[in-house]
Amino acid sequence: MKTLEVVPLTRVEGDGGITVTLDGKKVQSVTLDVHEGPRLIEQLVRGMKPEDDLNVVPRICAICTLSHKYAAIRGLEKALRIDPPEKAQLMRDLMMLGESVESNSLHTFMLALPDFLGYPSAIAMLGDYGDDVKRALKLKKFGNHVMEVTSGRIVHGENPGLGGFGRYPSGTQLKEIAASAKELLPDAMRAVELFSTVKYPEYPEVETVFMSVNAPDGKYGLAGDSILISNGEEVDAEDYKKLTSERVVTHSFAKRSAFNDKSFAVGANARMINMGKRLDGQAADLFKENYSDRWLRNPLLNNLAQAIEMVWALEHLPETAEKVAALDDPARADATRETGSGTGAVEAPRGILYHHYEIKDGLIEVADIITPTAQNLDDIEVHMKACAEKMLAEGKSDEELLPALEMTARAYDPCISCATHLVKLKRI
Amino acid sequence: MSSPKVGIYGFTGCAGDQLMILNCEDRLVDIIGAVDIHSFAMAKSDNQNKELDVAFVEGSISTEEQLEHLKDIRSRAKVVVAIGTCACWGGPQAMKLEEGGFEDRYGGVYGDANITVTKAFEAQPVDAFVEVDMKIPGCPIDKTEFLSAVSKVVAGRHPYFYKFPVCTECKWKENPCILNEGKFCAGPLTKAGCGAVCPSHNIPCVGCWGPTDDLNLSGEYKLLVEKGYDTDEIMRKFKKFGGAGIAKLIKSMKDEQRGVSE
Amino acid sequence: MKKLRVILDEREVDGNPFQPDMWRIVRRYPLTNDVNFYQARAVDVDRTLLMDYLPGQFVMGSVSGDGEAPFCISSTPSRPGLLELCIRKMGTLTETVFSLKENQTIGIRGPYGNGFPIDKMEGKDILIIAGGMGAAPLRSLLLYALDNRDKFGKITYLHGARTPGEMLFREEFMQLKERDDLACLLSVDEDDTGAWTEKIGVVTKLFDEMEPIDAANTYAAVCGPPVMYKFVIQRLVGLNIPKHQILMTLERRMKCGIGKCGHCAIEYLYTCMDGPVFTYWDVLHMKELIGKGVSDNVIA
Amino acid sequence: MMILKMKKEDLSVFLETAKEWGELWGPTRKGERIAFEKVDGLSQMDLKATRTMIPPKKFLYPQRFTMFDFDDKGYVERTGHAPNRILFGVHPCDIHGIQIMDKLFLEEFKDPYYAERKEKTLLLGHSCIPDDKCMCTETYTEFIAEGFDLFFTDLKMFYLVWVGSSRGHDLVRLKPELFSRDIGKEDILSYNEYRKWKKSQIQAETDFTGMPDIFELGYDSLVWDELAEKCLACGQCTMVCPTCNCYNVVDEVELGTVDGTRDRFWDSCMFREYSLVAGGHNFRDKRVDRLKLWYTHKLQAYIGEFGEPSCVGCGRCVATCPVDINVVTVTEALREQEVGR
């Protein structure tokens, strides 16, 4: 028996490791461990005022900071019955689009592409794919800029709050954002071109269920009050526990989720699978050209989904920015009650993020945060196991096995640091 | 002169500081040119564990495994720089340092499951375990402040950090003082370096840079009590980011108050 | 070529008074294990000759990347051509300066400050009391007085250090002991070498060794660590030296050297412009200094 | 002094023309934030705002700027970049403040950075509407006779315009038709009325004249300790004060090179680092020492040296300090030997 260890799993944010235990030609187990220390954030925010919680929870993950902020805002606003003004809502859409461009460009070009092209890192790609690295940097910078303008700074901006924003951007800033988004569209198209031409190995393919939010008004979007499942079901976000039924595993500080006792996936591919038909513009065409039922099996296609989503985001940024600019700065909306509960569901770049709060007399009693990576972990293990088994059956060497496994895990765009999680233990 | 050998490591935190390094877009190429990056787990695969001139350490320490890794880094590095508030002070996960109750909170999340990877403990800043030569706080670090410090560190010089509180930068930006509106603001307690972003957005400073060099905690505490804040809430707000640093200050403030009342 | 500056009395500066000139270190050697001695000459030769100064004045030394700091001039204007500085390794800038080698350059601007009131001191007896680093500016005064020996009365030089190894210019001062036109008394707090032939004890002890002085006709100059002032001043006042004839150099944080940055302000005075040499009479009027070790016990 | 008359409605045209000389800056208001900002014209300014957060010192001496660029060969001064600016709407107290700064920066060892910006800034003063925090009558700064290029006194129906410099006169000559010398009895009466009105508006009562002695006598007063216990050492008072000039200097280096800049930025005597020297000795380690320095410098030492306080009565410290430490409360506390509520 031998053990292959991939520690640390590089190029995912945070500290994780994959242990694949092989028994001859058989895979005994595949475990993705989160070694990073637990932070117990949900416990720490108990007793806090909602506005204080909003400063802390985005710090769960720097990459999805705005998703956390927004999910918390949605959960808290529902709990406190706050009805945000239209301009605030549009600003939130805008900031999410920014985060989407930032994160998807980083992941596709800088983290995943080297895997597909056989380079150790994006830095190593500079010589042969200098233009693409530059493209990535340009897109990422723009995404960061949108996040900075809307949230106050690139990472952990405090501008978005309950009932509105501290300060709204100026017309000039918004105009610039609209113009840059239009200009950068070809760069996002290039990402689609790259990811629609690379080869996706079949090894990790296993049929899975996909979940995403159901964006309102029949549109493609990054937040919603109900959840779509690729089997056709739709569930109210308040019933998130049914969808995620969390459990603790002893080999990791990250909790796990399962749906009907089986793994499921969230992420850009899940969004495309569930809402792809709602896309418009060039993104719609790209989706139609590239979509196939292979998406339901192969997690690697998440990279392609992210690239198409980037096109969607850049196409929607200008109009959103213009709408924000057209409205006067509203006052913040106030809480209309002090006790209540609410669940916010938001699409972080890597999948659904839930923030559930129970508030009593203005103080948080329960906070429950379920991150997309926590939801994906089981699915990652399933697909990695499939990948290892098939490759072993074909007699592949360990040297071939290792990168394939890493690539599979990485396709989920896992954010290990934010998988440090949550929910009450379910005892059977 | 060969370029300095640098390692960038992340422990318990949000990875925001490593991300900010990656976010130095236009300067990233300069950084790569000026230093020899031996290890940067978040950004590259071919990492080596060798002697280092400078190790940048992000995140707080909260497991046995991390502690071992940290000690190994310290033994290999000539200079250890803590980057980000988690590494410098403990960060949000250290807000209850000195208060106890870690086991309960841990149980609240993991039940009585026996997690075997490694043993976890209450998060603490890097300097609680090994000697730290320099702290670059921030949640996350500020690009300008970071680059300014790194430029000097790799040249073997002492960097300069603003030692004054956020209020100073806040005034440079000409914001009306939030405290004067009767609202909480951690500006006077918090090290400058962020450009007073929050007050510049009409939002109180939340203290994410950690405590500044010289501050008057009891002065601000009294002021907030006068303004009608609940004492528990004040303490929670004080402790949000400053971890070990603020815990120490609160302890001495309480000792002082006890001394007065006796 | 940049326009040259004419300094001193008018304090008039053409161009940018913050502009450091580059000086080349022509000689460098350790005085103690944390103090180095530097001889420097301006890269622009004429500049060296124009560096006209008084004992007690200081320059702002610059190292690009580390900023600027004030340093007293240790050389005497009576021996022009070279600027001499003693620099102790203390922090950011001084650490870099400490590591500079011969032939490397350092930025210099100045001289600044008032210096010792040589015109008033001429014709009088001179009593110099140096402690530790205080020898740096006082050496300038001593050498100046010796170079102009006929213009001064009796010269007494008292110098204390912690150990023989920490005594600045030890050899130089030992040689001075040979001269019969001055009294040079040296002491160390503690002799860790076993080879020390001079006095042992704190610097104030040397007062007991010294010949009687003509107090009314004496100018005393003191420079040393803050703790030393208190005891030395007590002795000087006890000797009845008029308070305005007791000279002391004060140290304060400085960023400009020319009265702009504000750091060295003590009430209405700027250490850089009105000092660093102050009389004890001045100091008595500075409330901030009273009770801080400089002048308590002796106010009345 | 030349004093001219101008119709109210002509101001906007005049400023439009004056822009020929340089950028136009004036007081703007966004919510509670009042600041001198670059503007397109009169319509963007708020001339009723009593005080900007930061006085016009920021134009002559910005919060942070580069003094030198350096490389291994030496230091190259960075001047010549300041734009021409017209600063409109500067109140008398602030012009007095600038005069105090001028004394410091332009007399002995002229500061070329300050000098250049001063040279490139035209000061166009404007009369003001005092509030309860102003105390300019106590510092004799409620009116101003010099130190500006033009000064506009708003007399409701028209402006009286003082021409204070040759450059100010040049501005007038850009559109001479907007100005008249035709000043009659009514105008004089209404100007006099205005002066009376202005003085009557000042509510603060402080007596700075006796301060040097009170400070001397009260140097060890426990009142100081009580104040210092409240002081947050936030430095706001120094940043907003029009006569606080202290600064710090720091070198920045470019990554991987020996090139860099020598930068200068506002500092405050309220900070511990201010008097800290290498080796860790601090001449003003306690907050109380620093607080004393601030106030003795402004109200004792300066009066002792120049016969007037270096406070110009603008009320900024009154409006800004979160714990109510300011020239009014400090002088009162020292006089009454009790810290007020």
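In order of appearance the chains are A, B, C and D, and numbering begins at 1 in each one.
Simple rule for what comes next: contacts are C-beta pairs under 8 Å (C-beta built on N, C-alpha and C of every residue); 3 or more make two chains touch, one makes a residue touch a chain.
Owing to the predicted nature of the structure, the values given are computational and were not obtained by experimental measurement.
Novice: Enumerate, in label order, the chains that touch subunit B and subunit C alike.
Specialist: D
Novice: By C-alpha centroid distance to the whole-protein centroid, which chain wins?
Specialist: Of all chains shown, the one whose C-alpha centroid lies nearest the global centroid is B.
Novice: Pick out whichever of the two, C-D or A-B, is joined by more C-beta pairs in contact.
Specialist: The greater number of contacts lies at A-B.
Novice: Round to the nearest whole Å and give the separation of the Cα centres of subunit A and subunit B.
Specialist: About 26 Å, centre to centre.
Novice: Taking each chain's centre as its mean C-alpha position, how far apart are subunit A and subunit C in Å?
Specialist: Each chain's C-alpha centroid was found; their separation is 66 Å.
Novice: Can you give the whole-Å distance between the Cα centres of subunit C and subunit D?
Specialist: So the centroids are 38 Å from each other.
Novice: Centroid of subunit B to centroid of subunit D, CA atoms only: how many Å?
Specialist: 36
Novice: Which residues does subunit B have that touch at least 2 chains other than itself?
Specialist: 152, 155, 157, 160, 202
Novice: Residues touching two or more other chains, restricted to subunit D: which are they?
Specialist: Only 250-251, 253, 258, 260, 267 qualify.
Novice: By the touch rule stated above, which residues of subunit C touch at least two different other chains?
Specialist: 65-66, 91
Novice: Can you give me every chain pair that touches, using the contact definition above?
Specialist: Touching chain pairs, listed by label, are A-B, B-C, B-D, C-D.
Novice: Under the stated contact criterion, what part of subunit A meets subunit B in this complex?
Specialist: Contact set of subunit A toward subunit B: 8, 10-15, 33-44, 47-49, 52, 55-56, 59-63, 65, 106, 120-123, 137, 140-141, 144, 152-159, 161, 165-167, 248-253, 255, 415, 417-418, 421-422, 424-425, 427.
Novice: Considering only the defined contacts, which subunit C positions touch subunit D in the complex?
Specialist: Going through subunit C, the ones touching subunit D are 11, 13, 15-22, 62, 64-69, 90-91, 94, 107, 226, 251-253, 255-256, 258-263, 265, 267-268, 273, 287-288, 292.
Novice: Tell me, which parts of subunit B touch subunit A in their complex?
Specialist: Checking each residue of subunit B against subunit A gives 10-20, 22-23, 25-26, 28, 32, 41-47, 60-63, 65-66, 91-93, 95-96, 102, 105-106, 108-111, 113-118, 120, 123, 139-140, 194, 197-198, 200-203, 206, 208, 232-233, 236-237, 240.
Novice: Going by the contact rule set out above, which residues of subunit D touch subunit C in the complex?
Specialist: The contact residues of subunit D facing subunit C are 67-68, 70-75, 77, 79, 104-105, 108-112, 216, 219, 245-251, 253, 258, 260, 262, 267, 269, 274-279, 281, 283, 289, 292-293, 296-297, 300-302, 304-305.
Novice: Please name which positions on subunit C make contact with subunit B in the complex.
Specialist: So the residues of subunit C touching subunit B come out as 65-66, 91-92, 95-96.
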